[in-house]
Amino acid sequence: MSVTVDIAHRFQGFDLNVSFHADEGVTALFGPSGAGKTTIIQSVAGLLSPNAGQIKINGRTVFDSSTSINLAPQKRNLGYVFQEARLFPHMSVARNLSFGPRARGQALDAAYQDQIVAMLGLDDLLERRPSALSGGEKQRVALARALLSKPEILLLDEPLAALDAARKEDILPYLERLRDHAGIAMLYVSHSVSEVVRLANQVVLLKDGKVAQTGSVEEVFSDTRAASVLGLRETGAVLRAKVIAHHPDGLTELKGGGAVLHLPKVAAQTGDTVRLRIKATDVMLSLSRPEGISALNVIKAKISDLRDGQGPGMLVRLQCGEDHLLARITRRSAKAMDLKLGQTLFAVVKSVSVAQADIGT
Amino acid sequence: MSVTVDIAHRFQGFDLNVSFHADEGVTALFGPSGAGKTTIIQSVAGLLSPNAGQIKINGRTVFDSSTSINLAPQKRNLGYVFQEARLFPHMSVARNLSFGPRARGQALDAAYQDQIVAMLGLDDLLERRPSALSGGEKQRVALARALLSKPEILLLDEPLAALDAARKEDILPYLERLRDHAGIAMLYVSHSVSEVVRLANQVVLLKDGKVAQTGSVEEVFSDTRAASVLGLRETGAVLRAKVIAHHPDGLTELKGGGAVLHLPKVAAQTGDTVRLRIKATDVMLSLSRPEGISALNVIKAKISDLRDGQGPGMLVRLQCGEDHLLARITRRSAKAMDLKLGQTLFAVVKSVSVAQADIGT
Amino acid sequence: AAASLRGVLDDVNQGAPTQVTVSYAGSAALARQIAQGAPADVFLSANTRWVAWLQDQGSTNTFTSQDFLSNTLVLIGTTDQPDFDLKTLPDLLDNDFLAIGHDRSVPAGIYAREALTSLGLWESLAGKILQTDNVRAALRLVALGEAPYAVTYATDAIADPRVTVLHRFAPQDHSPITYRLANLSDAAEAEAYVNYLFSPATRQIFREHGFQDVPE
Amino acid sequence: MSWLAEFLGPEGFAAMRLSIWVSLWATLLSLPLALWVAHLLVRKRFWGRELLNIVVHLPLVLPPVVTGYLLLVTFGRRAPVGQFLEQSFGLLLAFRWTGAALAAAIMGFPLMVRAIRLALESVDPKLEQAAATLGASRARIYMTVTLPLMLPGVIAGAVLAFAKALGEVGATITFVSNIPGQTQTLPSAIYAMLQIPGEEPMAFRLVIVSTLIAVIALVVSELLARRARNGSV
Amino acid sequence: MSWLAEFLGPEGFAAMRLSIWVSLWATLLSLPLALWVAHLLVRKRFWGRELLNIVVHLPLVLPPVVTGYLLLVTFGRRAPVGQFLEQSFGLLLAFRWTGAALAAAIMGFPLMVRAIRLALESVDPKLEQAAATLGASRARIYMTVTLPLMLPGVIAGAVLAFAKALGEVGATITFVSNIPGQTQTLPSAIYAMLQIPGEEPMAFRLVIVSTLIAVIALVVSELLARRARNGSV
């Protein structure tokens, strides 16, 4: 399963011109409001015909302006969770959910449906009309509806935006499983970095209708250049670590960045490789190995880049083993510590500050 | 400006029964999807008549089921940002924006309008129809429309949900100024803790149509009991600090928690008191005063409470001066450091880890 | 005036002593309108019954009426059939229809039924009769070939070159066909116009259109 | 029913039965065509669209007699289309109840199309798009999304057409004449009665029956429309 | 215009002018009332609502002659309402163009109300709520939100009524007679001409003109509706 997009489209006052390839797994479309994310997704779905370019799904050309190929949406075998739920107002929630399977002539997979319904907490809503649902409930039904049609390609336009953290926590692992086991490709639009880092294999960073950067999550989010797009608070690095052991006190021991790390229980098998995201603001630097502190994770590292930000902060890039970390510190500290390129020091990461939501399995 | 709500309403399968008072400033309605947030807001707006109870705005009863008072929405002088934008599809953005002032017969305040339009990045959109806007753009127009009608009460139902972090960063300071200087009351629905902490004076925690907890942000979010509702990652303490000086390197020096703190430029006057939120996961404990580290803020504190969480973590409550901090550390660290009630130690907070978004002025 | 007088009356009015405005509609509608105060001075009805009805209403100040014209009833068809025999009509019709005015509401239809009944044909024509809402519609059906035969006034047959008269009914087979005139005003112009209508020159015009004077 | 037959007399009663029959057929037969025409007018851009729009409205604009006349010269027994239909399908329209139904259908057609058009225009294409992404074929989308959403308008259109059919006299009488028991509908009967002095009471009996039928149709339609709005699936 | 006058003859030309005049008045005058009635039927729940609905539909259901007859016995110069209007306001309806306009308005009223109703039903009350929270009075909401949103339906209703007025003959001729230059509208003139064998060509000239007027009205309405849909403000 894969999607190849190379399109240009013009709206009054807005030019879209993007080209990227999304493999099996999750490709996040990330960018500010009005960057063109929905326009891209609509083009892939076949709901909007771009002025020019071509789109391939699994190698099959579904749109090509030069040969006037334009496959109807119903033939593209995809699932689309719209930014606005777009539920059928004249049908009950249950009917909305069974619309896709019926339309595709699929036999009812009751077990699958029950699973989705339970995950999204829709049990009590099945007989309701969409007009009697809350905003978040609508969004959950829309997500369930798309999932139940068992598509090859999932297009998700801010599917979790209206949901609370607890509910997101229920849904994200499911999307992870889908990503890892169902072999489908997902285009995922979200404004939440933690969602993207957790889910995405690849990020397409959009700005004003252009691809600003594209690559693996590690690449894009560890890039000091990306900081301006992501915002102060979300800059960070992603590093791969291998699960060594699960300890009885609930901590998981991992090896990554040339150091041994301890994290609260990570949902992965011993021997698995996981992806850890460590925000730049969560990394503290120390000239000597600190003693008697609560932070368990101290990584020996070498400064590979020093970059001034706007304001009083600066970004320090650290080489640790084959990986790197980003640390955001004040210039005052940098001066006090007299940091220099190539200097060796210790990065202190509080175990619990590597958030659950930022661990991609 | 204040709002008093004491209502009961019943939907098929859902019972709302809430009572709270919202003073001048921001009152956050916080709770999972389907908890009844929108229902409350609609009742305050006069768009839904609850089965029973009463609602007062500025002491004036606008709804009372026992005396059958039910003031029309247009007479309640409020501004409502709906969860779904609800823009007028037959009007340009500019017309949408001027609708409120015209309806209220207010003279056009061009400077004010320009300011709002610039803040929300709507300059290029003014001539467009809502149908030609992206999801986030619609939400921004809806926010602008409500703000421009200069209401006494602002009802905001997830006004920033569809916006990227950078755009939120533009809007939040404005909402703060509105809160501090306009003297209006805001009911603010959001699923984002950082938004709520930054904006709200008071939090009403909702669950299944009931008020689970209510109080100041400091109380609700510092309460170790609230941790379960907020989730692991969002627990933290709020402490008050006084601005001592703004330094030329961009750092602001504050005094709070019995210690001197350095934060990136805080938008407050010297002498002002500000509210700082420090997440439990951002606090590291050290037995001795650490040297040679990048963190600027080290607070001497005494352990006032030790509380086991689920999983490998525990929550440490610290007394520092008259305030307190929460620190989340692993039990393994606690054992290694041999933490005891009453023990004196040092809390290390990285300056930049007190996020801009978590500073309430 | 009755709608079926249009044509001839337009010709007649060319020479009228006063400016005449004619409202052509069904006799029933006109009678009711006059009863409701319509600004009419003279009412020309194709039908004596509505004149009588109007007189009964007593709603006009002055009311004098007199028989005005007479007409004859004919059977028309599309092609000339010199040896046409009315008796064979039921057989000739086969699957086709005979068009007449509505046998209770349209005067020509009433006369047609009377005539056909007294000739003993009505029963055998049952189910083969088309009734129209006015006699001109019956004529039109023949003219268009939709019906092979119709019973109309002689005047109608003259007016339309597409039809020919196959049979003339004898006046004694049906009640007398009379157009009746009601003078509803005492204005001098109305008087003059009525006189004009009865003047020999005008009578000649009517006769040219196939009308006949009322038998004394 | 027998009291009704007495109340109306045999001729009036026959006219009533015929009128209901004719109106129902007129409504039901024109419905699919009206749906199709409305679809063409709203969703398609083709050469001659404006022409179609005008043709659909003509029966409203023209005096009914003219429509009846045009029907007669088109579908009459000597007219080309009429002969073709008779020879090919054995379908006789002129001077039959079928012709009355045709006349009524044509007179009500503009009303029906307009109502359906309005309803179709207010169906949100975004919902149809959503259905398409769920794999529904065009036909399925139409049947399960578009049609249910425009149902109130379809019902309104059907009621208008039915009511119009109940009241149509000009075109009907011109096209199929007034043959008691065969083509004499309620309005034709009423029309005839009103031409006879003193028959007003009988005419008004027929008017009352006509009104009653319309009332029943209206009430049923309002109930259906309410169910449609609250969603029937 | 003179070639048109020649084409139609003085009587036909006068009928055309009168018909346009009458149809415009009928449409414009019934519009506010239709908006109000549609509002009552859609948004209010009151005793007698169903009755109002039926009364509105009656002119469609009844043969036009009956409607004309009822108008005559209500608004005639000897009839109670007619006399009252004449004495109190000097408003004469019977046998005047005003009466023709009244007849046309009443015949078109059900069509207009239905179209407006359908449009009103599809206006999203959530937008009206949004307007209310912005401080707009009910009247203002109606004028700036509701009415613009239902404009396509209002235009459709107006066009239907106008077209109907152009074609209405039964009620008009029964109520106000067929007085050339005063109450003889195009359809009445066409009706009268069809009474004379051989005058069909002239009748068809009038039909063509009638159709042309309708075409113009249709095209204008489609343009207006398109503008309304794309938003006019």
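In order of appearance the chains are A, B, C, D and E, and numbering begins at 1 in each one.
In this section, a residue touches a chain if its C-beta (ideal position, glycine included) is under 8 Å from a C-beta of that chain, and two chains touch if they have at least 3 such contacts.
None of the values given here were measured: they were computed from a predicted structure.
Engineer: I need the common contact partners of chain A and chain D, sorted by label.
Structural biologist: none
Engineer: Need the graph distance between chain A and chain E over the touch network, please.
Structural biologist: Minimal hop count between chain A and chain E: 2.
Engineer: Going by average Cα coordinates, which chain is farthest removed from chain E?
Structural biologist: Chain A.
Engineer: Answer with same or different: of all residue numbers used at the interface between chain A and chain B, are over half used by both copies?
Structural biologist: Mostly same residues: over half of the interface numbers shared.
Engineer: Look at all chain centres (mean of CA atoms) and spot the one farthest from the centre of chain D.
Structural biologist: B
Engineer: So the centre of each chain is just the mean of its C-alpha atoms; given that, what is the distance between chain C and chain D in Å?
Structural biologist: 35
Engineer: Taking each chain's centre as the mean position of its Cα atoms, how many Å separate chain D from chain E?
Structural biologist: 21
Engineer: State, to the nearest whole Å, the distance from the C-alpha centre of chain A to the C-alpha centre of chain B.
Structural biologist: 25
Engineer: Could you pull out the residues of chain D that touch at least 2 other chains?
Structural biologist: Chain D, residues with two or more chain partners: 69, 191, 194.
Engineer: Residue numbers in chain B touching 2 or more other chains?
Structural biologist: Residues 84 of chain B each touch two or more of the other chains.
Engineer: Which chain C residues reach two or more other chains?
Structural biologist: In chain C, 140 touch at least two other chains.
Engineer: Of all possible chain pairs, which ones touch?
Structural biologist: Those chain pairs which touch are A-B, A-D, B-E, C-D, C-E, D-E.
Engineer: Per the contact definition, I'd like the list of chain E residues that touch chain B in the complex.
Structural biologist: 126-127, 129-138, 140, 144-145, 148-149, 228, 230-233
Engineer: Quick check: in the complex, which residue numbers of chain D touch chain E?
Structural biologist: Touching chain E: residues 50, 53-54, 57-66, 69, 110-111, 114-115, 117-119, 121-122, 152-153, 156, 160, 163-164, 166-170, 186-187, 190-191, 194, 203, 207, 210-211, 213-215, 218-219, 222, 229 of chain D.
Engineer: So in the complex, which bits of chain C are touching chain D?
Structural biologist: 26-28, 31, 49-50, 52-53, 97, 99, 102, 104-106, 129-133, 137, 140-141, 144-146
Engineer: Help me check something: in the complex, which residues belonging to chain A touch chain B?
Structural biologist: So the residues of chain A in touch with chain B come to 11-13, 31-34, 37-39, 83-84, 124, 128, 132, 134-137, 139-140, 157-158, 161-167, 169, 191, 193, 229-234, 247, 249-251, 262, 264-265, 281-282, 284-288, 290-296, 311-313, 327-334, 337, 348, 350-353, 355-357.
Engineer: Can you list the chain C residues touching chain E in their complex?
Structural biologist: Residues 3-4, 6-7, 21-25, 29-30, 32-33, 35-39, 59, 134, 136, 139-140, 143, 156, 159-162.
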